[in-house]
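Starting off with a structure, shown below.
A, B, C and D label the chains in the order they appear, each numbered from 1.
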């Protein structure tokens, strides 16, 4: 497994991502500066980490989406390479057009940092094989703009194609319509690209991997990636 | 730039002023007549307007601690662990394994009242800079907040703005905000308290200090550009600089957490590359206090060439540049021959970098602009010989102790409990700390909501415990006991999570020290804090004093906030406050 | 009645957003951009048809909430 | 040359910020406010004096960066 973690000015969870890839997937991630034009040779997973790239000024992720390295990320995705965008990374993927829709301000207009329950919508992708379908996992969110929205046709297509990766759920497994952290449409917490090789998600699995710190439900995502890339 | 060294050691005889230095002008700069006379005697002539601005910045309460210094000196500041006590940007304490914890607390009360979001945000920015200037990467932030009566609409707006501002800055910068305190009382109606604390981690043998060394070394300006932010002497300024002065001089700065994050990374990189001899952040009184402190502490002169200062606005005068409080800026002395390497690192991060001066052997602080000497002052006197007061104070009379049997109530225990839980001071503060990213970094072992926050150090098993405490109404009732109690509470909160308390920082928020009863509160609180710290072997390694906090002429409750830091050797042995199982005995310790 | 309120930072106040956008436009090769300052616009729908009283209400809104005059200035415009 | 770009949310897109402001204005007793929508304004300083080429550059800026056309629309105005 050869992951590359992209560092934009203002990224701030890149070390959290590196630690998760190291501890859970046994990888030695390379940190790649946004101004580069190429990914390190052999890169098989690109991670866009959390943070406030360019201060999230203008719109979250908007300026980072136009960075040099994004051309290489686009090409990598087009070849079927795996891309994981977490939080700001998800916002960047949407702004770059690698995923549809957009993340706008939380419905309550406040930043929110708390643990949420996520329902795993499918367990047959490179990102989720270590989970079971409909598993409820505990993962924290930490964002001010995680309210996923898109036009009706886009949402309908995402739903129809099974491209919702995770939804904010209640304890009984139902979608959290009222009390979700951010008001996202249909409780959407993460989505896949058409070929299921690009995943964008608001919650932070990389912060829930060590028993010393808290729950470890985030490990499954990195274990899945390790498995998928070993098999490949 | 090739400014020649200031080789002639005699001061200039005079620097022409366009407008006269009148007593009114002196007063508008916050200098008492006797302070001004003292200054004139020191320099042997009438000061220039720029010099007046410089001395007013250096000798104001905030920079010089002139009312509090004599009392602060009574606090215990040493222990075998203490590497650096008060006097630097932050305190430094050894935590073993070659590591040190670097921390400090600072107030941003007034700006937060005027513009809560930006005021609180720049408060966080300032304290983070204090910590990373010393070579430490910030690993946690806390905040201590007091607001007025919570039924006021104004209070709600202030609370919402301050909390959003703290989150807006800390979350974007990328430090977990793991704890703090929020309280309400009508005595804060017109003067809220916003105290921010930052905690960083550094290698114990790679701490950076403000004292400059070496003659002829480059003094470098780093970070964001200089604008007319927060310049003091407003009334004078409007006379001197035209009618649009109000528009030109916002008294509140806008923070740029993004620039600060870049500044952090660039500073740590440049330090690692061995480029830095001395470093000081430009906080209040920006360029003035940073340059003077670097020189005064290092026993060197400083010559600045303001033509090289990166400015955001055109036509800035020397006076304005020296007093600007623009945020996200630093001053550094660069190691010989390392200028290019340092510059390359800063450019990579997209930050300004300019050589704005040199160290000299003259012990004078010389400021040049457009080829003209605008200031030429003795640097030691400016830095170290600020006036110091032993202000008159009244010994506070502790309020009589209230006996439980004298308190009449017909509330049932259940009703009383309900009222307690519902009171704004005691209710859950989740609404507040959910707006702070308290998990970033992946090291937050205990989150807000417990007795103290616990943050893992690197990959463990060590961890730090962090808390901020004081109960202002105790300090009002009996300042000495209240001061003691604040320290004891911080100590208990740390021990309750299994930590050994190692040191404290403080933020002493009081009213007008020129009133003997307020000064009396201050003195007694400091004595109480000192007594408790002494008894507990809990040294004070950094802190901040905020005076003149008043609402309609009446002082706030005396509020000496204590920030406590404890060390946990093995985080697996730390404790949380939740009951773990049914049927277990509950013990009460103490009487 | 429709009105538009434009709130901008006073000219001497630092505008970190504008600065970041300026840099981004330059690096995207948009020609000739010298400076960018960002502000807010509020499109407000008001009851009634009396321009003067609407203007009063909006000034009130700005002073109370929409702008912090310590760092911002505002302007009220009416659609024809 | 000075220009102003105004970016607003498409009318079908929900504007929670505008809603919140609307509510706040009502509770502050500002009279007659029926609805509020919030947008952004960019005051741009451009080199040169050619209005047509400036307009081109700004359209470019909007399409490339200033507006997200999934949810927003924009308008370019020139100062007289």
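Just so we're on the same page, contacts are C-beta pairs under 8 Å (C-beta built on N, C-alpha and C of every residue); 3 or more make two chains touch, one makes a residue touch a chain.
Going by UniProt, the chains are A = Phosphoribosylformylglycinamidine synthase subunit PurQ; C, D = Phosphoribosylformylglycinamidine synthase subunit PurS.
Treat the numbers as computed from the prediction; the structure is a model and nothing was measured.
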{"item": "Between A-D and A-B, the pair joined by more C-beta contacts", "value": "A-B"}
{"item": "Distance between the centres, which are taken as Cα means, of chain B and chain A, whole angstrom", "value": "37"}
{"item": "Euclidean distance of C-alpha centroids - chain C vs chain D, Å", "value": "9"}
{"item": "Gap in Å, rounded to a whole number, between the CA centres of chain D and chain B", "value": "38"}
{"item": "Whole-Å gap separating chain A and chain D, where each centre is the average of the chain's CA atoms", "value": "30"}
{"item": "Residue numbers of chain B (touch at least two other chains)", "value": "256, 258-259, 350"}
{"item": "Residues of chain C whose C-beta touches two or more other chains", "value": "16, 20-21, 24, 28, 38"}
{"item": "Shared-contact residues (touching 2 or more other chains) in chain A", "value": "54-55, 57-58, 63, 66"}
{"item": "Chain-to-chain touches, reported pairwise for every pair that qualifies", "value": "A-B, A-C, A-D, B-C, C-D"}
{"item": "Chain A partner contacts - residues on chain B that touch it in the complex", "value": "164, 167-168, 171-174, 256-259, 261-262, 349-350, 433-445, 456, 460, 571-572"}
{"item": "Footprint of chain C on chain B - complex, ascending", "value": "114-115, 118, 224, 227-229, 247-256, 258-259, 312-313, 326-327, 350"}
{"item": "Residues of chain C that touch chain B when the two form their complex", "value": "9-16, 19-20, 23, 68, 70-71"}
{"item": "Contact footprint of chain D on chain C as seen in their complex", "value": "6, 8, 18, 21, 24-25, 28, 30-48, 53-54, 57, 60-61, 64-66"}
{"item": "Touch list for chain D against partner chain A, complex", "value": "13-14, 16-17, 20, 64-66, 68, 70-71"}
